[in-house]
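Next up, some structures in structure tokens.
Presented sequentially are two complexes of subunit A, the first with subunit B as partner and the second with subunit C.
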Partner chain A sequence: MGEAQIDATLKGEEIGNLGLIGLKLTLRLCYANFIVYLILYVTGMYINIYITGGVNTIGISDPSNMIHMVAAILNFVFTFIVMVVGFLYAMRKVAMFSLGAVVCLIVGTLGGLVFLETGGGRLSGAVTLAAGWIMSILFMLALFLSYYATLKIMRAIKVLQATNRT
Partner chain B sequence: MREVKRVEEGELGKTLHLIYLFLYLQFAFYWATIAAGMLVNYYYVIPDSLQPDFTSIFLQLFAAPSLFAHVAFAVLSTSMSIPVIVLAMRTKLMQVVLLHAGAITARMVGFVCGMLFMYFGSSSIGNGDLANLSTFIMASVFLTAVILTFMSRIFIVSEDVRIKYQMPAQTLTGRR
Partner chain C sequence: MLDPSQSKAATSTPRIKPLLYLIYLQAISLAVTYVAGIWVAITVHNISFNLPEVLEHGLASSVFVLLTGLVGFIAALQGEKKVSMYNFVLFLITVLTGSTGFALLGNPGDATQIAITNLSMMASVAIGMPVTGFSLAKVSRISRGTAWELSPAAIMTYIALGALSLTIIAGAAASSTPLYAFAVVTHVGFAALTVALVLGVLVVSILEGAGSSTSNWEPQRVAYSLLGLASVSVAGGDGVIYLTSGNLAYLVVMAEVTVLVYAFLMIAIGVPYRLDTLARRRR
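Moving on, here comes the complex of A and B:
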């Protein structure tokens, strides 16, 4: 494939101007983000099944809740950094997917706080349940959106490597 | 010779696009499964009338709208792996085939655990610990399936880039 042909094909790609090393670093950050998502999912599942199952409630200072919230904060920080990288280095899709994830994380966190403040249990009322539901689905949506942003970064790396560019 | 290669490229590209389409659908159904699953989690209570036998538990899946939606979306999301496997076999992406086969297996285990949750949660059995464990396993294997299908996309992206940027170069090199 000639240089001109490669350039023409590259026009359809979103490789940005971060460069290969920067993209690889961002990809590592995305992987770290997924590990944190995993911790978030497992702690959420543990709380849901073993703490708030039945009539029990959970408070904000519960150790498992603290781990869950720290994981959520880390997710927010990592996703926010990826979003900024996307905006600064001309990777629109990465930025938009990450922005969606950031919004989901913010609204999901608000849902989680409402869940805690209104009783923190299954029998605490309609608002608590609705807040819990919103928290759960928005965090999972954030995971999916972060995943798509990661894929875009991964694709940019593969394209740069395939065309021997840095 | 070059024309044949171009047709192959085109066919591969089309097949990969189809795989992308099914994966988009799969992820949408995954999310719908979670949304309905959370409705089950917060709003569904196993009725006292539930008998600890297969027929009664199976019919219960159709008794509550949230539970039915959860199972229906779970089946839909899992079934999206079948066309992906077929298409991946056509493009010889064995990693994708194995990852999706693994995802289907994980979802099967999840389905059994879901049924076991109902069984242990029924009033005549009433074993809370095992019911909790079943739910925990169900949620864990669901996540495993999501991770496996997420990973499959990595190989598809790699193949897509290879076709676009490396295959034409290989074709030209071959001609020389």
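Moving on, here comes the complex of A and C:
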């Protein structure tokens, strides 16, 4: 591929200055993050259906709750790392999508805290229900935003590979 | 011509600066986590997740976990394998010890759970001290563009950080009744070793300057290790007063002064304020 063709291919693309190896490493982190999202979702649904029945509360030291909280910590850390990588290595879209996901996770966690503090069950009142909905909706939104950030990283890798750059 | 490590340093300096600042933030969050944790352990009797003291400790430890993960990953991107690996291990240990904290919140009256949580959290803090020290030493060298070589003072500072870590773990074990006697003896022994090593750092730092054959001599290290020695002496004195008086306030002060020892040793490694910069420019 000639220089002119390479320039044409790179025009409008956001490849940043991380390099191919760094991008691949970040992509692996994104995959790990999706596994954590899955664990978070499965443990959350398990607790909701089999332990609380959507009505009762759960003890903080319950094993399924501890797995859920550890997964939440990992999820937040991984998403935050992708955001910082985006900012440090000039990948604006990756940074902005991940920033959105981080904000969603923070507000969603606050919603979860309000949910627990106001009763933690379906029958605990309107505020509890609203907080529960906020938690669930923002979790899904964070998942979609992380997905788009991952797509941008995959795109940058494809472009670098197509132009034989490292 | 630059040797490989200097060449690497010269090319990676602009990207390494954010990593250096992140390591300083990581060390600060570790110190805050430790102080807040000691405060909770000593002053809170009916622990609950919505108490302000517990929330502060939780927030500080969350920032520490976040920064440890971040430092590990950015170091991996920069090709600093050792820094990345050590921080990754520290990250996993810290997350696991965080989960023992959740277990304690569920069983606040269980003596075994209290002992497990205290010991595992202190172990996490204690492993964090040498890891942040090593990360800072390695990254600050690269950031300055100087070759990575270990001076005797730097080696002794690492060992002092290790001894300080073991002192902290042994101190935490003293809260468990079956381990009390063994833990106190071990704690005092490691504390004495830490004092000796910090004194050693001071002496070796002075001797390095007196020899002046090395161009990498850091005169500030003398001042920082002197401050570290003063702090560790005050902490030791507080420990002795606590043993004789039984007043818990002295225990809190001892723990908090220990953070100063950690801070001064970290600064002695990183030497961020280079007072001799002007003199070097004139030369």
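Keep this in mind: the second predicted complex is superposed on the first by the 160 of 166 C-alpha atoms of A that agree within 3 Å, B and C clash if a C-alpha of one lies under 4 Å from a C-alpha of the other, contacts with A are read in each partner's own complex, and residues count from 1 in each chain.
By our rule, a residue touches a chain if its C-beta (ideal position, glycine included) is under 8 Å from a C-beta of that chain, and two chains touch if they have at least 3 such contacts.
As the structure is a prediction and not an experimental result, all values here were calculated from the model.
With the two structures aligned on subunit A, subunit B fits next to subunit C without clashing.
When the two structures are aligned on the shared chain, A:S61 is found in touch with subunit C, with no touch to subunit B. In the superposition on chain A, contact of A:V77 is made with subunit C only, not with subunit B.
Of the two partner chains, subunit B is the only one touched by A:S136; subunit C is not. By the touch criterion defined above, A:L29 lies against subunit C but remains apart from subunit B after alignment on the C-alpha atoms of chain A. Between the Cα centres of subunit B and subunit C, as seen from that of subunit A, there is an angle of 160°, stated in steps of 10. Once the two complexes are overlaid on the shared chain, A:I51 sits clear of subunit B and of subunit C alike. In the superposition on chain A, contact of A:L20 is made with neither subunit B nor subunit C.
Between subunit B and subunit C in the chain A overlay, the least Cα distance found is 24 Å. Under the contact criterion defined above, no residue of subunit A touches both subunit B in one complex and subunit C in the other.
Contact residues of subunit A toward subunit B in the complex are 1, 5-6, 9, 38, 41-42, 45-46, 48-50, 53-54, 122, 129, 132-133, 136-137, 140-141, 144, 147, 151, 154-155, 158-159, 162-163. Contacts from subunit A toward subunit C in the complex involve residues 18, 22, 25-26, 29, 59-62, 65-66, 69-70, 73-74, 76-78, 80-81, 84-85, 88-89, 117. If you check the complex, the residues on subunit B that touch subunit A are 27, 30-31, 34-35, 38-39, 41-43, 128, 132, 135-136, 139-140, 143, 150, 153-154, 157-158, 160-162, 164-166, 168-169, 172. In the complex of the two chains, the subunit C residues touching subunit A come out as 15, 18, 49-50, 62, 65-66, 69-70, 73-74, 76-77, 91, 95, 98-99, 102-107.
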